[in-house]
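Presented sequentially are two complexes of subunit A, the first with subunit B as partner and the second with subunit C.
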Partner chain A sequence: MNDQSRIDIRKVSKLYGPVRAVNSVDLTIEGGAYCCMIGPSGCGKTTLLRMIAGHETPSSGTILIGGEDVTRARTGSRGTALMFQNYALFPHLNLTENVAFSLKVRGVSTAERRDKAREMLDRVQLLHLAERVPSELSGGQQQRVALARALITNPKVLLLDEPLSALDEFLRLKMRVELKRLQSELGITFIHVTHTQPEAIALADQVVVMDHGVIDQAASPREVYNHPYSPYVARFMGGQNVLTGKVESVERGHTVVRSHDGTMHDLPTVEGAKPGDTVNFSVRRDRVDLSSDAEVMRNSIAGTVVNIEYQGTFVKVALDTGLREEFVAYLDVDKYFAAPREVGMKVRAAWDAKYNHILLGQNNSTGTPHED
Partner chain B sequence: MTQTNTPHRGLAFYLLAAFFGLFVVFLYGPMLMIFILSFQGPTGGLTFPMHGVSFHWFGDLWSSSRYGDLGGAFRRSLVLGGLSLVITAVVCLFAGLAFRHRFWGAGPIFYLAIVSLVVPGILLGLGISQLFQLLGIQLSWWLSGLGAHLSWTLPFGLLIMFAVLNRFDGSWEEAARDAGASAWQVLSYVTVPILFPGLIAVALFGFTLSYDEMPRSLLTVGGNNTLPIEISNMTTNVTTPALYAIGTVTSAVSFLVIAAAFVAIAIVQKRRARAQKG
Partner chain C sequence: MSGRSSPSGRPLAPYLQVAPLAFIMLTMVGIPLVTVVMLSFWEFDGIAVYPAFTWANYAEVLSSPVTLTLFLATLKYAFLTLLATTLIGFTCSYFLVFHVRNLKVQIGLFLLCTIPFWTSNVIRMVSWIPFLGREGLFNSMLIKAGLIEQPLDILLYSDFAVVLTYIHLFTLFMIVPIFNSMAKINPNLIEAARDAGATPAQILWNVIIPLSKTGIALGSIFVVTLVMGDFFVVRVMSGGQSASVVSAMKNNIDQLYYPVASAMAVLLVTVVLLMVTAILRVVDIRAELAR
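This part shows the complex of A and B:
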């Protein structure tokens, strides 16, 4: 960790007319961390990124990089470099000139900037194309040029605006690995905006889940995935079933909740909950088992099988439980094929009480997860 | 009837081809006639047949005093065209860049600019000459005349600039700023070089629209005529093929300007190609 590239965002808001694109956001990103900002389009993640880069000025609040207030510092003089979603390579310059651009505007001599640019191109394995113009390159090559152009100034923070969204599936996975490797080599802070959940989980040290201009949760990928803060985070990050119930009884270290069909669920203590309160909780899809028992059990839900997908390493079974959302179970392949189901069967999905996770946050938006 | 391409062509094809042929004849026929007749022999007249082929009437243009101040008019039109070219290109570049933002009053300003395309040129010229007389400023081709021409070339150039900017990606400028470029460096290293071919188109229109502008010039150039006015006068009192000669000369100038523009674009592209080679 280095404090040089630590980022502190304090009470930052951005208003476009009456619209609050970013609403009083507080966030600390440790120096040298790989941070992924994730959320649906229009959630404010790109605006926040652009404010860190200096392409937008916050309406209020402060942004510090390495302890220095850069809220109003000029773009390009705050130690950040932004890699644009469409790469924004200069079409009239060849790769060497593209990569050397920031050295040129800083008045570095022609010979020196040429050498440095070629060194950088070599690093991204494109030296043999140094005299080409961007339109002669493939998407993946263009992205590596954009990366080289951003890194040549030795930034403290590299900002990536949906860097992988323009690539096909194969390249996306390949570049994902390269980005991670590059980040650990350079040891600088990467902030990567994405709307793809597996990308965030795979890359990040810190995942920042945003919605409607606010941060719903900022934590490690494991924390966000296993202990989502709100129903929205649980839905958006995927892999979870979100359930709702009313508090039936509160005991020491134990809260019993009754769900829509009358089933009792044993939850950990919910702070300040009284009987009759509504509580949201989640169960991971891969912690669920199916049984044919009609008998009502605790920590279970009844439903009709509406879809079965074999996924190679698991089987995905979707149940219609009479709620707005389908209830999904990821089942072990061997176990499932020992007792296969059919669409239309009535089944009961049950799980161990310890897998009930309370969702404290109030954000109940639908959030459409993207899954690989 | 099948939808496949058969070698057989129907009646419609020949009718449309004939129509297109007529269109081409009407478009270029008259110009070609004037071009040929300008090489009429010394004893020839305004119509066919040709009495030999010569450069007589071109020489007559310069040597004879019957045609008024033709050389002066030609020079004035060239200078006016050149001034319009430079001013149109520069103003339309910055106006086009500015109109990308919805600044306060952008709508009314745009419509004000477009109105001068719609207003009849002769009326606009009359208005300008009246205004100058009211203010007690003498009408002259390089002041009131230039203003009248700009009222025509600027809105036209602005519309072309909009089309050019349509294909311009603002994130190029952001990328330049992100790399630390100042406003001036963004303009000179990124914006202008990328827009350059489009800018040449705007500049060319600035020149040609001014070079052959007549209605707006008529009442605004003061004592010294521009070339279109001078030629228009000639059609009423000159009855020799010299009339055609001047037509050929002015057309040649227009084509030369366009050729120069193409050469300029080619040079830029060659320079870029050379830059590619390192």
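This part shows the complex of A and C:
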């Protein structure tokens, strides 16, 4: 961890007319961390990134990089480099000139910037194409050029705006690995904006989930995935079933909640909850088992099987429970095929009480979950 | 492109497709040009023209010191006009593309540029006369403002008036292509340059101008050919004091010196072709347009 590339965002807002694109955001990104900002389009993640890069000025609040206030510092002088979504390579310059561009505008001599650019191109394995122009390259190669161009100034922070979205699936996975490797080699802060949940989970040290201009949760990927803060985070990050109930009784150590069909759920203590309050909670899809509909038990939900998908390592069974969202169970392959189900069957999904996770946050929007 | 073959194996469709354009080019450009070239080799005895093959007309044109003067004068007009229209055209396009964010305003302002074209060239040109004349608006304004005592003679019937009229008439031919190539510049490129630490001047020089040069080249071709081919503006706005290549040609034609005029025309076409070739050397328009 180096403090040079630590980022502090304090009470930052950005208004476009009456629209609050970013609404009083507080966030600390440790130096040398890989941070992924995730959320649906229009959630403010790109605006936040652009404010860090200096392409937008916050309407209020301060941004510090390495402890230095850069809120109004000029782009290109604040130690950040931005890699654009469609790479934005200069079409009239060859790869060497593209990579050397920022050295050129800083007045580095021709020979020196050429050598540095070639060194950087070698690093991204493109030295053999140094004299080509961008339009002669494939998407993956263009992206590596964009990376080389961004890194040549030795930035403290590399900002990536949906860097993998223009690539096909195969390249995306390959580049994901390369990005991670590069980040640990360089030891600088990477901030990566994405709308793809597996990308964030796989890459990040810190996942920042945003919605409507505010941060819903900023934590490690395991924390975000296992202990989502709000129903929105649970839905958006995927892998969770979100349930709602009314508090039935509050006892020491646990709270009993009655869901829409009258089933009782044993939850841990909910701070300040009184009988009658509404509580959201979630249960991971892979912690659920199916049994026949007849037995009534606590921590379960009844439903009709509407879809079964074999996924190789697990079986995904979707239930219609009469709520607006389906209840999904990821079942162990061996266990499932010992007692296979059919679409239309009435079943009961049940789980151990310890897997009930309380969702404290109030953001109940649907999000767009990206699975698998 | 692959043309679909007719059953006999000879593709006919592509030829039919180019036929209308080929016909127009042949009748409107090819035949007149060949006629002019042919005429330039015919004999002329001061009264009538005889079919022949003689270099005499060229010898006359090339040996006359007036020819060089005429070409230099015309090239001077072309150069000054090109310089001014490029500067104005680039500035206007830059403003329209990069400062006017709203597309509707952009289109509106662009149409505003074309308003002068709603009237004829002649009217636009002649309308300068009451403005620039000795007793004209501009002179009386300067006198009333106490800036000058005597009216300025240089304003009208001068090279200044000729070039000013050219600029007025032809700037739009520069704005349109430059605007077109500038509008195609991905705004991300400018942000990327700014992100790399480039100052606005560096962005202009390293990104915007190189990416607009197709438009500048196209506009230059328009302006150069228009100025080189003009005689009317020179005649009216210089008050007969200056001449261009074409106005001299016009004099020859008025005196029925057709072969000499033709030889001059062939010479002019050659010079203009050389200039256009030079422009195309600097900018590979085909490659840029395909980009």
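Assorted remarks:
The rule is short, and it goes like this: the second predicted complex is superposed on the first by the 370 of 372 C-alpha atoms of A that agree within 3 Å, B and C clash if a C-alpha of one lies under 4 Å from a C-alpha of the other, contacts with A are read in each partner's own complex, and residues count from 1 in each chain.
In the analysis below, a contact is a pair of C-beta atoms (placed from the backbone, for glycine too) under 8 Å apart; a residue touches a chain by one contact, two chains touch by 3 or more.
Bear in mind the structure is a predicted one, so any value in this text is a computation, not a measurement.
After superposition on subunit A, the partners subunit B and subunit C are seen to clash.
When both complexes are overlaid on chain A, the residue A:R149 reaches subunit B and subunit C alike.
After overlaying the two complexes on the shared chain, residue contacts for A:S135 are found with subunit C alone; subunit B is out of touch.
The partner of subunit A that touches more of its residues, comparing subunit B with subunit C, is B. When both complexes are overlaid on chain A, the residue A:S24 reaches neither subunit B nor subunit C. In the superposition on chain A, no contact is made by A:T244 with either subunit B or subunit C. In the superposition on chain A, A:T75 makes contact with both subunit B and subunit C. In the superposed model, A:N94 lies in contact with subunit B only, and not with subunit C.
Shared contact residues of subunit A, touching subunit B in one structure and subunit C in the other: 53-55, 75-77, 80-82, 84, 86, 88-92, 101-102, 104-106, 149, 153. By the touch rule above, subunit B contacts subunit A in their complex via residues 169, 171-172, 174-182, 185, 189-190, 193-194, 272, 275-278. Partner subunit C is touched in their complex by these residues of subunit A: 53-55, 75-77, 80-82, 84-86, 88-92, 101-102, 104-106, 135, 149, 153.
Put simply, subunit A touches subunit B in their complex at residues 53-55, 75-77, 80-82, 84, 86, 88-94, 96-97, 101-102, 104-106, 130-133, 149-150, 153.
Considering their complex, residues 186, 188-189, 191-199, 202, 206-207, 210-211, 291 of subunit C touch subunit A.
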